[in-house]
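Alright, structures below, take your time with them.
One chain, chain A, appears in both complexes that follow, with chain B as partner in the first and chain C in the second.
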Partner chain A sequence: MKTKMDFPNINQRKPEGLREDGKPFRVLIVDDSMFVTKQIGQILTSEGFEIAGTASNGEEGLEKYKELYPKVDLVTMDITMPVMDGVTSLEKIVEFDKNANIIMISALGKQDLVKKSLLLGAKNYIVKPLDRKKVLERVMMTLK
Partner chain B sequence: MSDYFDPKNEELLKDFFAEAEAQIGVLEQNLLVLDNDPNNKDAVDELFRAAHTLKGGSATVQMDEISKFTHLIEDVLEEVRSANKKITEQVIDSLLSAVDVLKDMVDKRAHGEVFEEDIKHLTTVLENLIAVPQNQPKKSHVERKVQKTVDSTESKEEGGLTEYELLEFQQNSSPDENIYKIQVEFDENNPMNTVGGIQVYAILKNLGKILKTIPEFELLYADNFFPEITYYIATKETPTAIRDQCKITDVTTDVSVYTIKGQIQGTEQGTSVKKSIQAEIEAADHDLEERDFKKVPHKLVGSVLRVDSKRIDTLLNLVSEIVIMKSAVNQINLQFGSHYLEFQNIQAQFQERIKELFDRLPDYMEEIQKGTSLKAIKKNILTEFGDLLSMHGHFDSLYKDSLAKFRGTAQSLGRITSSLQEGVMQIRMVPISHIFSRFPRLVRDLSKSLKKKINLIIEGEQTELDKSIIEDLLDPLIHCVRNSIDHGIEEPKEREKLGKEKEGTIVLRASNEGNMVVIEIEDDGIGIDVGAIRKKAIDTGLIHPDKSLSDIEAYNLIFKPGFSTAKRVTDVSGRGVGLDVVKQQIEKMNGDVSIWSSFNQGTKFTIRIPLTLAIVQGLLVRVGKEIYAIPITSVFETLRITGKDIKRIDNYEVFNLREDVISLIRLNKIFNIPVDETREYNYVVVVGSGEKKVGLFVDVLIGEEDVVIKPLKDRFTKSPGIAGATILGDGTVSLILDVNELLNLGLEMEIDERKKREGIIS
Partner chain C sequence: MRVEYINPFVEAAFNILTEVLKTEVKRGELYLKSSSMPVLGITAIVGLAGDVEGRVLFDMAENTALEVASAMNGEKIEKNDELTKATITELANMITAQAVTKLHEIGFQFDLTPPAIFTGNNMEVTDVAIEALIVPIQTTFGKIEINVAIREKK
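Let's look at the complex of A and B:
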């Protein structure tokens, strides 16, 4: 009911973040920027997704994924991060679970890395600045 | 990209610093634009782009503190751009201080250090600006879907494949797979429009085997955008499934699937999704033309050219002329060589003949004794040895020819060299907007902290100046502008009382004046109170109470060290340090600064500086055996005086120049050079800056020449009165006089001498 104020029409449709069986999709957010993490988190929770965990670098992300597996449906992965970058992390996660749904979060100008990630098995990508509609659109496209 | 660059690559770093500076400039300027016009969308975009470039750049060179901080700024800008955050003065202020921090960070890095100051406070302010995203209704993104069915004939087309390729594809695919040709059109407006091709590639790769793409994979993987890409794929999936998978909002605008070899004759293939009607029309247009994908222009990002290429072209032209000139000189060299050989030849013949003549002389004598007339003998000699007279004629004309050629070449060489010099100087020229652009921010901050309203007008920012001068000019200009804001412009209330507009105006103006650039800083403030200056000057003992003071003299007094009539000291100015420094710095650049003021109407600083520092016109003079160069800009005139003209006042030498009395400085005394002082007359070069004039006593005037200033680097050899050294055409070193220092030096010597004398008397 709290979110109703923000989303006037939320009651008229099923929130995107719920599966057929009514349980939420579980998301792992890997990003070194707390703002992006916060932003993605807010966009997704407002649609009923469950934030299964967050990680602030690629290595942490990989560990979190292994820890959560199989109770995780989607990963958002920043490309530029300290310790281990997103592309390497993606590679390792795909190695571990080749059906992992990973969406790359990229800043403009990182086309080459985005391409590399897509070829390595990322399901999709989102370009920063993040836009609510775009994020949801890409997430849903990946989960379908 | 970042993976391939060595972060310690110096070239890269150089580029990065240049770019970072530019981007910070863009940030600052656009923030100021936003300050005046909060709805300016372009400015926000511009800001965003600059922040982004800076972030990317700093990450590339692994300057994490910069990229992190820029990231934060970017986040704030993101809020501004998505209109979640209203642009308030507070936002602008905190962003401006963030830009300052960025400047410091880059500056530190440029000096090989890392920024370590505590900026927690600022980061918290910025973080607080990143509000919780409000979920406002987004613009409905209407997508018009147009279904279209494609003629069955089209679905069977072989899509421009050669028979060979088709055969190859069939061999590469298993019998239960279909081969499809998938034409995908991409949205150019996508911010990462070059990724789409690979994204679709990745999707198709998961569905089956990709046989071929047009354009080729390598081209897709490079940073190119293609409006349309064709993929050939062998898969078991249905055309509908393929189509659905390839539909990516904002990335693909149209997907058409054609069966090339298939068991199921798809009735549904070829349906397409259209983003807009327009896209469809475009697509139709596209179908009409065969496009060569390799010709799709590919944007080169970040190619920065800081010198107008025309200038380089001019240089290149000149260089090619010099090359031609070189071959001409070579030719002349050869000619002179062959002339010399010829000369030797002729000379040998000549000597031979002379010898013959000598040998014949006794015969002639004998003939005279025999009684042959002198006339007949002369005639005989002429017929026998007449060729002696004309022997050198041929050589003479040849030599003259070559000499004329040589002179012509030397002349054009001189002409080209001076053009070349000018051209190279031109490259060093940068528009003064480089430093002028910093003033809007400065004026804004200062006027805010002083609660004054000030409108800054900038004129002539395209005026060009030598790069080295421009850098040294910033501080003096800031001093002057600060002075105008602090002491010149009155507070709004006071201005109203005086019947002026509430908002004060400061004009920053640059213009060319011959070889000089004139910069004016003009305000419409209170002006300079001559009375106050006079009083202060008398109080501090700078002038004698009886001395009458012209306005100009009074204005120039404010350039004296420690002189300030400001009633209060603010943190901006008024401490009496400043204007004297301005004068010093400007004079160091061979320029001068003057001031004009009218009470209650305003003040104008006028700064005049030479276009370039490295080369000056100098007057060469000789003292004893030494040759000195005096910058021509400080030479007023030269004259010849005899010993009678020199008079003595208080034991120092002066002479009359029209109605002025000018003191004389003997350079030989200052530089300890032995000279012959008994000569009848001497040359005097009258030099000076501003109101001060002095005559320099020299032995000989040599002439005017361009001299290239070389600094005297060793500080132990730094001697007062010398600005630098230059190398003359014949290779000798000549010292360049620093006229201003010389004036002070002369003054000091006078004072010393007077003190000595007074000491003796008392």
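Let's look at the complex of A and C:
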């Protein structure tokens, strides 16, 4: 005997990380801090995004982007990193794919590098400390 | 040491800690130390070089570091592992970046080293040629000391 009725949840909203067809947006996180990578990953996966890959410097980020292309919708790119910095990596990714959606992750005080990044083709930027609202706002602004 | 060097660090520490820990943060009385002093257990150090030179330490007991890392990661962290160190490094990065922006705005130009983390018991720090100012910051997770030793380059 059925004792419980399932009502449709009319308040349920579609997570931000899903496309119209229900498939997740795929994100590459490029950051040398394990903490920041985890923080961005947690915020995005909780909204349905898929973390397609992570890289801990700009060079690795460029290689990962080429490897994932075209199945990558967005990149979050730290500015200060060893081996290859985020601005150089951005420049090389944009050379490879001029439509790349790249968001720069900046510490305070790097306004000059943020401006340079925007001129080089970054779509947006976020100044640390990161929080859920700030990250999702900028990500959705970039993907729309 | 001129107090104008330390105020940006105190303000930045207060702002960032309040924002990332989402808890009450109180500034203690600033004090001066010119000889060796013990460090608390987990310490992030950032070097400065340019118009001014020296270093800043962010010093806390291991338990405090674990509580801070837990709050910043949104999960209980029980040992001082790579994630704890990465989290404390990021905290030092954020505070230093905000402080340095203020110092640059008032005309001091200098570069920073990436933070390094020291861990251990019975450690002490000695600044032979620079006096250090210490600002204890009290949080619900324990005390964090901001220890600044900066001088103008001759």
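Note that in this section the second predicted complex is superposed on the first by the 133 of 144 C-alpha atoms of A that agree within 3 Å, B and C clash if a C-alpha of one lies under 4 Å from a C-alpha of the other, contacts with A are read in each partner's own complex, and residues count from 1 in each chain.
Here, a residue touches a chain if its C-beta (ideal position, glycine included) is under 8 Å from a C-beta of that chain, and two chains touch if they have at least 3 such contacts.
On a predicted model such as this, the values are computed, not experimentally measured, just so you know.
Student: Given the superposition on chain A, are chain B and chain C in a clash or a fit?
Tutor: Clash - chain B and chain C, as placed by superposing on chain A, overlap.
Student: Answer with first, second, both or neither: which of chain B and chain C does A:35 touch in the superposed model?
Tutor: In the superposition, A:35 contacts both chain B and chain C.
Student: Who does A:129 touch here: chain B (first), chain C (second), both, or neither?
Tutor: both
Student: Tell me which touches more residues of chain A here: chain C or chain B.
Tutor: Per-residue touch count on chain A favours B.
Student: On the A-aligned overlay, A:88 touches which partner chain: chain B = first, chain C = second, or both, or neither?
Tutor: It touches nothing on chain B or chain C.
Student: Applying the document's definition of touch, where does A:45 land relative to chain B and chain C: first, second, both, or neither?
Tutor: neither
Student: Of the two partner chains, chain B (first) and chain C (second), which one does A:107 touch, if any: first, second, both, or neither?
Tutor: Both partners.
Student: After superposing the two complexes, find the one stretch in chain B that runs into chain C, choosing from 6-14, 402-410 or 528-536.
Tutor: Residues of chain B that clash with chain C lie in 6-14.
Student: Just to be sure I follow: which residues of chain A are touched by chain B in one complex and then by chain C in the other one?
Tutor: The overlap between the chain B and chain C interfaces on chain A comprises residues 33, 35-36, 39, 42, 80, 107-110, 128-129, 131.
Student: So in the complex, the part of chain A that touches chain C is made up of which residues?
Tutor: Residue list for chain A touching chain C: 33-36, 38-39, 42, 80, 107-110, 128-129, 131.
Student: Using the touch rule from the top, collect the residues of chain A that touch chain B in their complex.
Tutor: On the chain A side, the touching residues are 6-8, 33, 35-36, 39, 42-43, 46, 80, 82, 106-112, 114-115, 118-119, 121-122, 124-125, 127-134, 137, 141.
Student: If you look only at chain B, which of its residues touch chain A in the complex?
Tutor: Spelled out, the residues of chain B in touch with chain A are 1-2, 48, 52-53, 55-56, 59, 64, 71-72, 74-75, 78, 81-82, 127, 130, 132-135, 137-138, 141, 191-192, 194-195, 198-199, 201-202, 205, 221, 223, 248-250, 301.
Student: Which part of chain C faces chain A closely enough to touch in the complex?
Tutor: My answer: residues 16, 19-20, 72-74, 82-83, 86-87, 89-90, 93-94, 97-98, 100-101, 104, 114.
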